[in-house]
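Shared between the two complexes below is chain A, which has chain B as its partner in the first and chain C in the second.
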Partner chain A sequence: IPLQFAGLADVSISEDIPVEGEITVPVGAQSPEEDFSTLDEPVKDTIMRDLKAVGKKFVHVMYPKKSSALLRDWDLWGPLVLCVSLALMLQGGSADSKDDGGPQFAEVFVIIWFGAVVITLNSKLLGGTISFFQSLCVLGYCVMPLTVAMLVCRLVLLVGAGTVSFIIRLIVVVAMFGWSTLASTAFLADSQPPNRKALVVYPIFLFYFVISWMILTFTPQ
Partner chain B sequence: GTAADWGGFEDNVQVRGSAVIDMENMDDTSGSSFEDMGEMHQRMKEEEEEEEGEAGAADEEEDGEFLGMKGLRGQLGRQVADQMWQVGKRQASRAFSLYANIDILRPYFDVEPVQVRARLLESMIPVKMINFPQKIAGELYGPLMLVFTLVAILLHGMKTSDTIIREGTLMGTAIGTCFGYWLGVSSFIYFLAYLCNAQITMVQMLSLLGYGLFGHCITLFVTYNIHFHSLFYIFWLAVGGLSTLRMVAVLVSRTVGHTQRLILCGTLAVLHMLFLLYLHFAYHKVVEGILDTLEGPNMSPFQRVARDIPVVPNAVLNTTVKAVALTL
Partner chain C sequence: RGAGGAGGKAGAAAGPSPLTVSPPQALVDDTEDVSLDLGSEEELALRKAAIRHPLATFFHLFFRVSAIITYLFCDWFSNSFVACFVTILLLLSFDFWSVKNVTGRLLVGLRWWNQIDEDGKSHWMFEAKRVPTIAASTEAEARIFWLGLIICPVIWTVFLFSTLFSLKLKWLALVIAGISLQTANLYGYIHCKLGGQKSISRVTSRFFVTADVPNRQTRRIPEDYTEQYGKTGT
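For the complex of A and B:
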């Protein structure tokens, strides 16, 4: 063995461990990964960024003008929060609250998510250009007016449960139902071929109608 | 050498399924969509692995000479594992894109609003010509929407009648009933049609029965809100009868032979009409006062299915319950 290799004779390289890390030293500007890596920022920044995104979407739903921001950066936090709060508020509203408290939460949850999935599949089958999660995002966020209606209904029911309160609740729920349907139509109908908008709007109408009906017929125990 | 052999494992067929639950929408340029990141990552990894595979093959011979048999076996083992993983992953994704491909259903949803409206109206008009096969559109949008509308109407009916469902939920019962009827009876009649040599496909049967539910929707929508039993019977015969007649006529036009026609159409008519009757009486509020004035003392046995508690003062209720508890 030549002299310079004598020391290497008893070195055993484990061939299973690959060589890691950068061999070349980056020259000059920072490596591009640092711009996209969000692992190193403080947790507060991450949470605030997500909260701001959710808040911005709520504002979009309240003033539904055509904008692609809601569609582009979809997220499902808002719909989850809305769905859970709506389901919680709808609990305990029938004769036997002992039996029906459990299933009602699951009922609302399943209706909202299953209904949203069906509407999305339907709009895709009719030739829509929107993606699956974008559509779920829009439909979930547009439940917000109905959640507000539920809140108002509960407050009105605290005051009294007569005909006047029913009329108030009816007006509020119908108005919010219209708002929800219009808001989601504003976002979703554009992704359809123009002569089939009615075919897509009808299931959305039915979906929000069922939710509105559950809200209107809610009577606390 | 060995690299070429291992290459045989790879399938060169690139299956690009369109519109699976479409994860790669070109308009979706969001940074937060993990599905896109997943796709990019996947492609990068596959490119890496291909390069690795080639590089590994080249290194393999050198390493084999340098480290002896142990090194060769280690490299081989890793390559085999990689290849198996690749093959398995490709097969799984192909199976997924085959079965979850909703494009299979796309032709059945290819419909215009005017067509849907026309078909809805047609479903109430029985055809006159039964001597040659009537055309049935194999479309699933209308029937699906009608089934969901029926579910919504049923929910409305159940809520106003305070039906208590012990096992399961209101929604589950409504969906189960409507979808069960649509899918189950369609399959059953399709099976009978197969036995009776009728010219009808499964999709056409689903479509026919689905549009036949339009009559049910109208009847139930009206009679759940206006609680007159005589009104219900009129609607049952008129509206239910019309839609049943239409379905029967279409089926008769596609069947040959008197016995077969009788079996097929008789079954369908009976099931369809009975379903409407069931929906009305099982989920409908029984208002005792109105019943007494309209129907007199003769009540049909179905009416005891719905929950009808007369309004009594709490004191009476409490004493009754206590009495029952004491006797148990």
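For the complex of A and C:
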């Protein structure tokens, strides 16, 4: 009997024998048991989880305080929805609308996404520690105040298009522009070394300025 | 992952006693089929079905094919460029999300995602499920999955060239978005399939791997799996 165990006495699991089994990659510090269930969770759970994450981020934009959780759990659904709604609302606002505002829609789209990509590249080249998609996520979500401003502008323009309405729109747009810039700077500037903060903030300022300009100069047919 | 790997059912031959360490036996007896404990009629039917996840298979193809069809026939559906653009974009986004989060893990047991750790560094993780359960995917499903995954980006690339050469540039943004989304999924799953060994071994060395495996998992250990996925440390 001792003979049967003898061979096993010098078995060392970590070195000689390939230990096999399910390789589950625990998410965060969860046990493998929990992660196994994320791999097999019902689809409804996945959807709800992602929806809640998106909702949480919208709330974070409204009250921008430094929160690493927001940055770590990035997603691009919010930016997509915001970009599409902003582009839709900016429709039909120029003289030549024979293409039913086609080019304007794609223009807004390209400006927002291309602008966000360029800002991200800029901050990465300046040595930022934030990742590409995180930065896109933050910039996209911080378009929300400007989308609200667009909504307000359209409503105001329904009422009238005179000087008073222009002043109201100006105030609203300037306020939202400031909010957007401050919110995104709160998240992004911290990832930069101190002497480079202005270099990073300036393109963000310009980005939101261009969008605000498009919103302010919108005149419906 | 240690002794538990053999599960409750590994019919290891000539085991001296329950005290022994299972892995050496499991390795030695890996040519032996592990018997599955088929408990019920339902499980039997599930095993025989050619497609075990009909909904997932349907949705895997539905969004991608709808996006392509809408792009090709948008003039028939609506006169408005904006409506077509938004519809196709939404279809592409839903397709990206469902293939990445749902159909991949249901149809082929693969998953990839991005994780940002405490230092703010971003890591791309690729995971492959190795233990086939009763409800695991079949060959038909896997084939549908990969065909859908590969053919659609190719079609969108064809659209890219046709847009460029016919100078219908207003569609360019959409086609580029389509290509990036679909190619991202393709790349992610190919990476999973080829076994992102670096990520897997790095993470398992950091986290404690427990030895208890749920009873419903039984294992067949083909030779190539051992080669492909290598060793995990304790």
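Everything that follows uses one rule, which is that the second predicted complex is superposed on the first by the 177 of 221 C-alpha atoms of A that agree within 3 Å, B and C clash if a C-alpha of one lies under 4 Å from a C-alpha of the other, contacts with A are read in each partner's own complex, and residues count from 1 in each chain.
Everything below uses one rule, namely that contacts are C-beta pairs under 8 Å (C-beta built on N, C-alpha and C of every residue); 3 or more make two chains touch, one makes a residue touch a chain.
This structure is a prediction, so every number in the text was calculated from the model and none was measured.
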Requested in this report: Applying the touch criterion given at the start, work out whether A:L206 contacts chain B, chain C, both or neither, answering first, second, both or neither.
Outcome: first
Requested in this report: Check whether chain B or chain C contacts more residues of chain A in the superposed model.
Outcome: C
Requested in this report: Name the contact category of A:L80: first (chain B only), second (chain C only), both, or neither.
Outcome: second
Query raised in the report: When the two structures are overlaid on chain A, which partner does A:T217 contact: first (chain B), second (chain C), both, or neither?
Result: first
Report task. Scan A:L125 for contacts with chain B and chain C and give back first, second, both or neither. Result -> first
Query raised in the report: Of the two partner chains, chain B (first) and chain C (second), which one does A:L155 touch, if any: first, second, both, or neither?
Result: neither
Report task. Check the residue A:L88 against both partner chains and state whether it touches chain B (first), chain C (second), both, or neither. Result -> second
Report task. In the overlay, answer first, second, both or neither for which of chain B and chain C A:V43 touches. Result -> second
Report task. Could you say whether A:F133 touches chain B, chain C, both of them, or neither, answering first, second, both or neither? Result -> both
Report task. Using the touch definition from the top, say if A:F109 reaches chain B (first), chain C (second), both or neither. Result -> second
Report task. Name the residues of chain A shared by its contacts with chain B and its contacts with chain C. Result -> 13, 71-74, 99, 103, 106, 110, 129-134
Requested in this report: Using the touch rule from the top, collect the residues of chain C that touch chain A in their complex.
Outcome: 1-2, 4-5, 16, 20-21, 23-24, 26-27, 79-82, 85-86, 89-90, 93, 97, 101-102, 105, 109, 111, 114-116, 120-122, 125, 127-131, 170, 173-174, 199-200, 203-204, 207, 209-210, 212-214, 217, 219, 221, 225-226, 229-234
Report task. Quick one: which bits of chain B touch chain A in the complex? Just the residue numbers, please. Result -> 19, 21-23, 25, 27-33, 35, 63, 67, 71, 74-75, 78, 102, 105-106, 108-109, 111-113, 116, 141, 144-145, 148-149, 152, 155-156, 159-160, 162, 164, 166, 168-172
**Report entry** Footprint of chain B on chain A - complex, ascending
**Finding:** 13, 15-16, 71-75, 94-96, 99, 103-104, 106-107, 110-111, 118, 121-122, 124-127, 129-134, 195-196, 198-199, 202-203, 206, 209-210, 213, 217
Requested in this report: Going by the contact rule at the top, pick out the chain A residues touching chain C in the complex.
Outcome: 1, 4-5, 8, 11, 13-14, 17-27, 29, 31-33, 36, 39-40, 43, 46, 50, 68, 71-74, 77, 80, 84, 88, 91, 99-103, 105-106, 109-110, 129-134, 191
